[in-house]
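Naming follows writing order (A, B, C and D), and every chain is counted from residue 1.
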């Protein structure tokens, strides 16, 4: 059952450079049980911002009916969103899409969660859920620079956590792939979300693993009706097969869609 | 009396609201949100003879009070629509407007011939205006003779009334409208999108992979209202109005301009419930405006006397 | 190095920003808000041979992210402009672009001949596109041959470079642009307003007394960007870009599309300080985008290589 | 010296059906000494409402730097304005235009202030100023219906006040012109603001008096640059003479402009 609700903002604060943590409450939160799904936010009701913004579910407290989102305030919509204050309402559509498959990892197995930049948030809820199922979780989180790092502590509480920055101002230096190699991390499944080049690198290195990646694409409707967010299917000779990121994804098993 | 009911060629509509082609897929997605039987009609996504993937992504961009799209007519092709999409829609008691696109007259003719025979297709909407496909599209919609010929050929094979969907990217919309009316069109749909562009300042490249795209949303509403006002006064056939409709007030404005029914496009993306919401709000607005029946609004901005039925 | 300076035919501009014709009167009003010397140039209100009162009021209406106007070229006429307006502007060290309108070629020729001799008029902007005046206007701008002839005749008598201001209400803007370039235009201004309409639901009448009006503001920006992108790649003459510019980012987007300078219209109404604000904010934006000089932006979205000067 | 400032909302409340009283503070208020002038409000910074809204100055406290505006929340912009709350900012341009001439009435003379509906507000500041100058003020205020009546008490404190409603649900029944006749009000000057038909009626009946009327017209710039708000001049044969409501008005002496 998909729905739309005006959630109430419980708190909003900047947790890293331009990265906002937004906590909202409303009964819709009860439906947000699948990590990797996203919400489609209408920033306000003025008609100069027509399109909703897709933001991943970062954490949910089903009992208290709250949901946490982390987002980068960068463009027109997210900047305006960042000005909203406690008590204000926000029109949320969702949860949408297909999230990360929890049952791809058995109890006792190890899952490696690899996040890049603003792709990190959905991994948090995923990690919590995996852990609850008795999965051993390891996190590799890549950021641009020290000022962009967030949620390190939160992730550390759930499992081993490696932070890497491109400019070396925090944690190790380089890319997430460097860390995985250097630390020789072993795992049964990998779940990843982040910039496409990162996903492409992981996909080519770990194509033989159980790897799930979450994609980003510009969206119109977010519900599968407009065909804005499609991608090609690996091995499709006709060239007309497709997957929609909004409804078939955003999470796909490695090798299913063309990056 | 059902004060929202409107009758157009082939389309007996409970109310004047239909989702616009390309903004509602083939209905399935929005059926998760509400009962499609609430709608006056449904205009389904453009169908072409063969399946199409469309343009590379990104395919949408936001603009002030509007959006650009360059989907490029992605669709499962005639056979796919006939075998999968239309049968599914058959569970609803809603007339279907099948939007047809192509790159040659022969494509349009073939697609129309077959689609118009489907049980629940009540009208064909000829998309002669989609600005996204390099071959075809643009030319059909901007040259009166070409638009007329296409209309004639398609009318010859269609089992149901044919609405021609006009492009706003022309100097004289009235000329085109008259030409397709004379060629036998049963109605007009207007307007399709305006051709626009956005550039990413950092990448120095268009935001849309395709470069240009179609501008829709409230930004284009004044252009749509003007064109419908111009055309409705000189043609006899009814007009399905569209371009930036978000509210019941917008519907009334389009009908006063001269539309007999309307289509809602981009607004579905902003609010999936927009169509049922508008339908629900219309009666109260009619009360406020002291109008008995929506039909009494049609052309109200230019008709000499507004006789209430 | 003045990194904002741009050179266009007749116009040596400190920065690429000028207020657009019709949105800045003859400068006096905004001189109460800031020093006009800050501006790159000033495009003054359309001048016609005789004084004009223009259309009945209401003459403006608001639309989503846009506005409609049907001022109808109100102005004090050629003599009034020459004797009152231009001398007052002479106190400023800013090149003036004199916008010229008319209903017959002879009007344009007479007005241009005299205006172009005024000391501080550095360029003529031929308004062949204003959709408000029933005679003339619309036709000049939509038929390539007519636009070309007008351009030729005006060029014959003008003492200063002539910019032709194109109408967006055409199917093929490239065709018109090429025609006026061939006829001797020194530059292009684009775009003028899109023809639009709003209807008052209660009165059932157009909000504008004139019925139709010109749509301006951010709503039309994607159309302007697209047209400038199309035209700048096929003409050699520079383009003054306009249509919905509100911010420094918008200026960069227009220049990347292919404009060599820009005009700011409607935004002056929203914020009287918009022009100096944009000028002030441009250098920081250039820094952010790692651009040395605004000129390096021109056509940046399509030029093969972006050589920094 | 004209200016623009982000004023701070001190309070906003509904004082009659859809009529809002908005009190703002900021140093701009010090310049608002001329009753009948107006402010040009930018409702918000989203770009779907491009045009400012002209609202009259209803009252000013120069010492405390506050200004009061009364407006009807009716269209898109004023409805959105009515949602603004204490502490929020509002972008105000002004004061603009030429107000009511105070010196048209001598000390000891009687001024009749005639307002219709949402034309009533500017008369309040005018009345206070006239009174301060020793002028005897009488008010005739016309409204549609009882629910629309506002500021009766405030006006009563300054002078005789007659309220008339079109439907007779409050005060006397009919129009302001009826009241003036019935009560046989005598006066030296008349100042009026309200719907054009009312101004036209007053102008034709009292054309021989010192009468000043405040006009409304749709505006673009509000500063005289766009020629949106012009009106014809009485007796102009050329047909090209004009006055701008925004800068030459909004207040004109009777007989100057064509209504």
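Methods note: a contact is a pair of C-beta atoms (placed from the backbone, for glycine too) under 8 Å apart; a residue touches a chain by one contact, two chains touch by 3 or more.
Keep in mind the model is a prediction, meaning the values are calculated, not measured.
*Asks:* Using the contact definition stated above, find the chains touching both subunit A and subunit B.
*Replies:* Looking at subunit B and subunit A together, the chains touching each of them are C, D.
*Asks:* Distance between subunit B and subunit C based on Cα centroids, please, to the nearest Å.
*Replies:* Result: the chain centres lie 34 Å from each other.
*Asks:* Could you give the separation in Å between the centres of subunit A and subunit C, each centre being the mean of its C-alpha atoms?
*Replies:* 46
*Asks:* Need the CA-centroid distance for the pair subunit A / subunit D, whole Å please.
*Replies:* Comparing mean C-alpha positions, subunit D is 55 Å from subunit A.
*Asks:* Give me the residues of subunit A that touch two or more other chains.
*Replies:* Residue numbers touching two or more other chains: 47-49.
*Asks:* Subunit C: which residues touch two or more other chains?
*Replies:* 64-66, 217-218 - these are the residues of subunit C that touch more than one other chain.
*Asks:* Once you draw an edge for every pair of touching chains, what topology comes out, line, ring, star, complete or other?
*Replies:* The chain contacts form a complete graph, every chain touching every other.
*Asks:* Which residues of subunit D touch subunit B in their complex?
*Replies:* Against subunit B, subunit D makes touches at 47-48.
*Asks:* Which of the residues in subunit B end up touching subunit A in this complex?
*Replies:* Counting only subunit B, the residues touching subunit A are 22-25, 28-30, 32-33, 45, 51-54, 57-62, 64-67, 69, 71, 74, 76-77, 217-218, 246, 266, 268-273.
*Asks:* Across the complex, what residues on subunit C touch subunit B?
*Replies:* Within the complex, subunit C contacts subunit B at residues 63-66, 68, 142, 169-172, 194-199, 201-202, 204-206, 211-212, 215, 217-223, 225-226, 229, 244, 249, 252-253, 256-257, 289, 300-301, 306.
*Asks:* In the complex formed with subunit D, which residues of subunit A make contact?
*Replies:* Against subunit D, subunit A makes touches at 44, 46-49, 80.
*Asks:* List the residues on subunit C that touch subunit A in their complex, please.
*Replies:* Counting only subunit C, the residues touching subunit A are 64-65, 218.
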